[in-house]
Structure formats: C-alpha cells, structure tokens
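Order as written gives the chain letters A, B, C and D; numbering starts at 1 within each chain.
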Amino acid sequence: MIRLFYKRAIQDIRENRFLNTVTIITIALSILIVSVFALFFINTNDLINHWKKGIRVVVYLKTNTSEAMIPDIKKKFEEMYGVSEAVFISKEEALEQLKRQIKSQISLLEDLKENPLPDAFEVRMIPSSQSWEKVETLSDKIESLPYVDDVEYGEKWLGRFTNIVNLFRLTGYGVGGLFFMAAVFIVANTIRLVLYSRREEIEIMRLIGAADSFIKFPFYIQSLIQSTLGGILGLGILFIAFTIIASNVEHGFLPGSFQIRFLPPAVFFSIVISSMLVGWLGCYLSLKQFLRI
Amino acid sequence: MIRLFYKRAIQDIRENRFLNTVTIITIALSILIVSVFALFFINTNDLINHWKKGIRVVVYLKTNTSEAMIPDIKKKFEEMYGVSEAVFISKEEALEQLKRQIKSQISLLEDLKENPLPDAFEVRMIPSSQSWEKVETLSDKIESLPYVDDVEYGEKWLGRFTNIVNLFRLTGYGVGGLFFMAAVFIVANTIRLVLYSRREEIEIMRLIGAADSFIKFPFYIQSLIQSTLGGILGLGILFIAFTIIASNVEHGFLPGSFQIRFLPPAVFFSIVISSMLVGWLGCYLSLKQFLRI
Amino acid sequence: MIGEKEKNAIIRLFHVYRHYGSKNALIDITLDVFKNEFLFISGPSGAGKTTLLKLLYLGEPVSDGQILIDGMNLSRISRNRIPYLRRNFGIVFQDYKLIKTKTVYENVAIVLEASGVKRRMVQKKVNHVLRTVGMEQRHSAFPPSLSGGEQQRVAIARAIVGDPKIILADEPTGSLDSESASFIFNLLKGVHTRGATVIIATHDKELIKKTGGRVVYLSSGRLETSPYV
Amino acid sequence: MIGEKEKNAIIRLFHVYRHYGSKNALIDITLDVFKNEFLFISGPSGAGKTTLLKLLYLGEPVSDGQILIDGMNLSRISRNRIPYLRRNFGIVFQDYKLIKTKTVYENVAIVLEASGVKRRMVQKKVNHVLRTVGMEQRHSAFPPSLSGGEQQRVAIARAIVGDPKIILADEPTGSLDSESASFIFNLLKGVHTRGATVIIATHDKELIKKTGGRVVYLSSGRLETSPYV
C-alpha cells in the first residue's frame, strides 16, 4: 500500500512538473532567506564575541602577596564561573604597559625611583557570559578575596556596548523568528495555490469513492519530497554563495584571527528538518481546506 | 476602453477572491521580509554610528602655546574636513582625567610638584567620515601644524572595529539585495501559479479572438492593485510590530540618547514602488510564458 | 405485492427537494428504484436529471426529504462513511470528470486502487475494461488529447470497472455516434444482466424507445408519472 | 463552372495532414467550403471532426498541406494577426469552453468587448442573444451551476453573438433534448440565411437527415466522398 502511495506520489511529481518546479523553487527561496539570515546573524554574533574577548577584569593584588601564592591564586580565579583564563602580570610588566599606555606623558614616569605598581592578574571571561551584570558580580566576588587589593574592569562604553549587543541579539532572534514564520506562510500559500489548481482532481477522486487518506497520502509524500529538495537546494545555493563570498571577503576585512564560518551542522539540519515540517504543515492545512467541502 | 479594462480587473479580483487573497498575502510577506531586514539593518547601523561618535582624536599642544591662541586653533580644527567638534582640554583637566583613568595607581601622581601635562584638544569626527584611513589622514594633517606637539587617536581595537562595521555593512547590503531578489522570485512564482490555474480561461479568450493585449491588460491592472495592497499591508504589519516592540524595548536596552526609528520615508516609498514593480514584472514574465503557446 | 416490491427497493426517495437559492431544481420527488432495475430518467434540458443523480451519490445534500440507499438514510451517514457509500456506485458524469493529468489507464485504475484492490488484479481488470470500450490502444494518453467520444468511453470504463451494485449514467452516449452508442448500451445491458441496478439520465428518446424499461420523466424539477411503467 | 465555384470558396484545404506523434488524426484532406454553405462533417467517434475544425481556427497548426481562409494562407499568417482571423469565426466547442469564473452574461459579452464593440451595443446584443437561446434568466449564473444543456446553449449564444462570417459548431446539440435541439438548429439555419457559412461536426444522423445539405464523412482521418452532395 505504501509502495502504491509512493509510486503515485512520484508519478504525480512527473505529471505536474510545472507545479512541482514552482513549489520547490519557492521552498528553496524561503529556506534561503531564513538560512541567509541565520548565517548573517551567527557570523555577526561570532565577530562581536571575538572582539569582546578584549573584555577583561584586572585584579590588583595586595603588595604583600608572595610570589609562591601566584599559581594558587591563578587556579582560584580560573575556577570561577564565567572565567576562561587568568593571566599574571607582574608589576614590572605593568609599569611597561603603563608607560606604553600614556606614551606622550612618559616623562611623568621617567624619574620614578621604585615601581609603585602592584602585581596584577588579567582575568579573561568566556564570551557567552560577558553580560555587564556578570562582570560586576564576578568583580565583587574577586574583590572580597583576602589577597586582592582592587579590581578594575571595563570602561563605560563597554557596558553600553553590551546592551547594544544584547539588543542586537534580541532583535536578531525576533527577526529570524519573523522570517521563519513568513517562510512558513509563503510555503503554505504556495502549496495552497498548487492544490487549488488541482482541486478538480481532488473532487473527482472523492466522487469515485476514494477515502480522504487515499487522496491525501500522495500529497504528503510529495510535499515531503518537495520540501526536502527545496531545503537542500536553498542551503546549497547558500553554501555556494558563501564559498564564493567568503574566499573574497575574508582577507580584506576581517581581523586576523577571526574566521567567518558556514552554518554549524546542527543549524543546517534543523533548517532541513524545519523545511520538511513546513512542507508537511502547508500540505496539511491546504488539504484540510480543500477536503472540507 | 481603459474604463472597461479597469472594470474587468476589479470584477476579476472579486471573482477570484481566493487567488487574490493568496497573492496579496504572499506579496505582503515578501515585502515584510525585505522591509524588516531594512529596518533591522538601518537601526543597527544607526546604533553603531551613534556609538562610534566616541571616536576622537586627542591633540597635544606645544607647551609654549599661549592661551590667547586657543579660540583660533579651535576654529582651525573645526574647519577641517570630517571634523564635527573640537573641545579644549586644559592641562589641569587633563591631569584630573589621567588621575581618574589610572585610579588605582593614583599614588603615582600624588607627589607631583608641577603638572607635566600639556594642554590638549579633543577633536570629534562626523560619524560618516570615520573610516580608519580618514582618521589617519586627519591626524597627519593636524600633526604638521606648528603649535601641535603630538596627536593620539583611537586604539587598535578601533581600527579593527571599523573593519568589522564595514564588513557588517557590506554583507548587510548583500543580504538585503539577496532578500529582495528572493522576494521578487517568490512574488513572480506566486503570480505564475495563479495564472497557471487560470490558463484555461486565458486559452479560451484567445480562441474567441481576443488580442493578447486585451487579455493581458486586466491582469496587469490587477497585479498592480495586488502588489500595491500587498506592499502597504506588509509595511503596515511592520509598522504595527515596530510600534509595539519599540515602546517596550527602548527603555531597557538602549543608550540614553539613541532613538530607534522606523524606515525613513524615502525607503518606505521605495519599497512600495519596488513592490509594484515586482508585481508588474511577475505578471509580465508569467503572461509571456502562458501566452507564448 | 407492494410490500414485496418495497423490500426490493435499493433506492428510495421520499418527498425530496433541492433548491439553489430561489431556484427549485427538484420538487417533491418520491421514487423507488428496485434492485436490478434498468431505469431511465428523462426530461428536457434543465429538468433536474443531473441534480437527481447528484443527490444519490451525495454529490450534494437534499434541501428537504429523505433518501435511502440500500436501507441507509443518506442524511444520517457520517462524513467518513461517504467514500464507502460511493463505492456502491459506478458513475458516468455528464462532463466525464476525467483527471487531466493522469493517463487513461490511471484514470480507470484509480477506482480499484482507492478500494484497495491488489495491483495485479487492477492491471487485469483495467486492461480488460479498456479493451471492452475500445480504448486499449490509447491507455497511456491523457484525456485532453482524446476526442469527445473517446473521453466518454473512458468515463464509462471507469464506471463499470469496479463491478458496482448501482450504475448512474448521465447522458452516457451523448458524444457517441449511433454505432458506438448501441455498443455502449449493450455493455450497460450486460452489466445489468450480471445483477447491477442501472439508472440512465438521458434526453435521447430514440435510445429509450429502442431499449424499453421503466422511464420516469422530469419536467422543471417535478416527476411526471411515466407512461411506460 | 468549377472556376466560379472556386472563386466562391471561403475555406480551402489542400492535402492537409495532422498527426500527433505516430497517430494520424487527419490524412490527406482536400476540401472546399463555399460561401454561405451549410456543411455537415460527420463520422464516428475519433474520426477527426474536431481536429479538422481546430485546424481551421488555428487552434493547432497543420502537419502538412495548406489551408486558405478567405484567400489567406493560414501557415503564412503572423502571430499577432491570429486574433483577427478568429473573429471571423463563431465557434461552438464540443466541451463548450466557458470561463468558469465569469457569469453567463460576461462569457457572451467578452467576444464583443474583445473586438471593441461599444458598451451599450454589447448590452443590447448580449441580452438579445441570451433571450434567443432561452438563457436570459440565468444571465448572472456561473457555468458550473448550469445543466449540460444550458451550458451548451450559452456556448451557442457566444458563437453567434458577434455575427461571424463562419460558424464552426462541434456537436452543438449533443446535450440537448430533441425539442431544444431543433430550436437551436433553426437558430443556426437562421444565421445561415442571413449569410453566414455554417460548418457543423456531428455524428447525429437523424439531424443530418432532417436538414439536408452537403455532408462530408470522415473515417479514421480520411475523407470519404459524400453520397449527399
């Protein structure tokens, strides 16, 4: 029986080539829209995270902290939630850094007899946990440690920027969701149109005593095939476009260590699965409409 | 004659209500996709520009510069290409700033007998002209002035960030263009499906001696009406969604002075006009296909 | 005697009405059709012949009155039983209603496939019935490429392929030359002989005269007592 | 005498062939139809009657041979002249070909609108012709809600509304009872009397016998000399 349905579905695709081509193209385009946005968003997000890796918390140790404790302290920091790495900066390095930092006023530091700076740690955070509040919590926690003198973190613009990144993310998810819904409607609409132009055939089948399930099944199989092909086609186009663009853009624009990347496999397969679901759903809704009467 | 065509078009819309609804919805969704992306992109761009206003060039004046010259120098700076504002920072202010900047090492500056810092100007740039190269040119130009001792501008990350913003813009335009094309194809596809389900009618009209133009005209009028309605509907939905989201998001996330905004009128009307063009084009291509045979 | 007859009625209509808006297509139709009867429904264009057949296979609901098919009341039948009801019928539609995108073979085979007949059996039966109506050579043609008469013959093949209990044929020889027509007619006679109830809607008086059998006349939606009973 | 006749021929076919793949629908047809003739094309189902008419209104191209209409060679006519050629014809299609989404009135009116007739004139003519075929009360109905015979009458109304030079009627009374049929027939006769050339494809021998007029027979795509000439 399933074989019969399958055979009928395949036959149908052959017999209604125009309708099938149009459906597959429309599905491919819808998938393309959703996945282009996903790709754009994922990479922009990556890039922001990459750049935000610059966020760090500087911890000044008390002057009486012995050098022997440094490894323990380092470990302590690195075990904290949200911390990716803690780098020790000796007071000598710090002075060098300061000199570099205020290079035009270097005369100011020229005549120092001894280094007034303390040893310090640069604590780097895991990109995902870098919301402004988390940085604050972490710094409070660090400040309460006995051997810590002072904690310095970020600057004003960093806090502001975090908000912007969050806003960007939030609207990104919103826009992505909206695109997904639009794609669902477009695909469903297309399938409705296709079924509309085949309503005579559906009506005839019902008149000769075909049960609804007999009529529906080939349409379901067909729209699964269409939406799978459409999904793969859409992602294929995206991949080709990505490969071409990526190889041209990368060198000119991106910071050295950052790599733009294609959709991760999980997202890729989610999109294909969504495509199938959408095809199925569009088919379901349209059939319901046309088989009601 | 035109009246007759117009009448026929309106009649047709009434008689093929299902097809018309589907077409208008699909056009509206396509327009929605394009315009949502435009909105997203315009605002993200605005936000980045807003934030980039922070970029400034600090100019240290020679120590022998007399106070009387300051207004002239300020004027000189402000007349330079790309400069929006030049703010004078006296050496006293500068010392305060420095103290705040390196607050944990304040002891370092405590025992200064005299202020070793020079007077300075903070030169702010017009957001649009802030590409890294321009900042560099400007600073070179400033540095060659007689009363200027040194110029300091941006930091490494700023340069990197400018590239990122440019990449974001470039891909943004690319993605927007791709969405536009996808929308065009989707609308054209939908119109093709609609005409496909009306091909019998077109064939009959030809058989009874109707000239191609007589058959086509009402379809053109109809698809202009559809695409105008679809465009307005899509932008209407966007506007409503925008209003709802904007009133909720703004307070929590955005930096004080920044306002998210709706599509500027020029973009708004371009989208409506594009929608009409797309409808017309879809109609043209489909009719060409179905009237060929 | 009447009791005997009533027991034998396979289709019963009681005061059936059908109206479309203000237009009355059928008015107060009361009619029994008996098992294995060969019945003509005649009447001029627009009299309601097609409408009457439509009500029988539930193509449309009655506006008023009751219809019993094999003892089942059509107004009480549940939606998902309708396909099973329709499998009792073999229907030749006035406008053929062939599926344009399916071949002649597929158009006929789908009736059997829909009722779950095995593939080999389907092939055998379909090929046989297409041979009977003289369409075996066109079995892979699509309906739009067939002549009017050829389409009608395919429609007839589809109606009889499932060995239905009841044949409803709406103007089944309207597009056929007299030779093909009498051939098809004999075909329907044959089906009748093998036990089916046959109802034919036609305005072709010649045909009726040649055949004999009960004739009911419709005129502007009303049933006139048949002079032929 | 023959020269005289040839000058009067409005339609001339020379060795016309039409094949679909390996199927020969028309084989070596040579035929003249004269101005104001009333011609029957007869023959069994699938003989090629509809195909022959199709070639005349350029519904399909010939596979071989030449057709002249009013002196114009159809194979030389340019694409954008085809609509003007077709306005010479009033065609009753075997399957009616009514536009399902337009009302009866609109279906008939569109012929006149397409050839640029003024709106008031359109109204007058359409209403008149619908009255003639007895469909004036259904003028705002959509074709799927009409009975077979009613659809056929609308198709006939559409064919004659433009006062065409040539009427091509394919089985124009197939769905009509004998009364309506003879009425429609007289209508076509009337159009003929007013100067039109009428070509009717039919398998209805009764009809032909009743009318008289030249009959050409088609059989498997070949023309047989008519015994009626």
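Note that in this section contacts are C-beta pairs under 8 Å (C-beta built on N, C-alpha and C of every residue); 3 or more make two chains touch, one makes a residue touch a chain.
Everything numeric in this text was worked out from a predicted model, so none of it was measured.
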Quiz prompt | Starting at subunit A, fewest touch steps before arriving at subunit D | solution = 2
Quiz item: Centre to centre, by mean C-alpha position, how many angstrom separate subunit A and subunit C?
Solution: 62
Quiz prompt | subunit B-subunit C separation of Cα centroids, rounded to whole Å | solution = 66
Practice problem: Give, as an integer number of Å, the spacing between the C-alpha centres of subunit D and subunit C. | Solution: 31
Quiz prompt | Distance between the centres, which are taken as Cα means, of subunit D and subunit B, whole angstrom | solution = 62
Exercise. Pull out every residue in subunit D that's touching 2 or more other chains.
Key: none
Quiz item: In graph terms, with chains as vertices and touches as edges, which category applies: line, ring, star, complete, or other?
Solution: ring
Quiz item: Any idea which subunit B residues touch subunit D in the complex?
Solution: 1, 4, 8, 11-12, 15-16, 198, 200-201, 204-212, 214
Quiz prompt | Footprint of subunit A on subunit B - complex, ascending | solution = 18-19, 22, 25-26, 29-30, 32-33, 36-37, 40, 43-44, 47, 51, 54, 60, 98, 102-105, 107-109, 112, 116-118, 149-150, 152, 157, 160-161, 163-164, 166-168, 170-172, 174-175, 178-179, 182, 185-186, 189-190, 192-194, 196-197, 241, 245, 249, 253-255
Self-check item: Contacting residues of subunit D [partner subunit B, same complex]
Solution: 57, 59, 80, 82-87, 89, 91, 93, 97-102, 106, 110-111, 113-116, 119, 158
Quiz prompt | List of subunit D residues in touch with subunit C within their complex | solution = 20, 43-46, 49-51, 94-95, 145, 147-150, 152-153, 170-171, 174-180, 203, 205-206
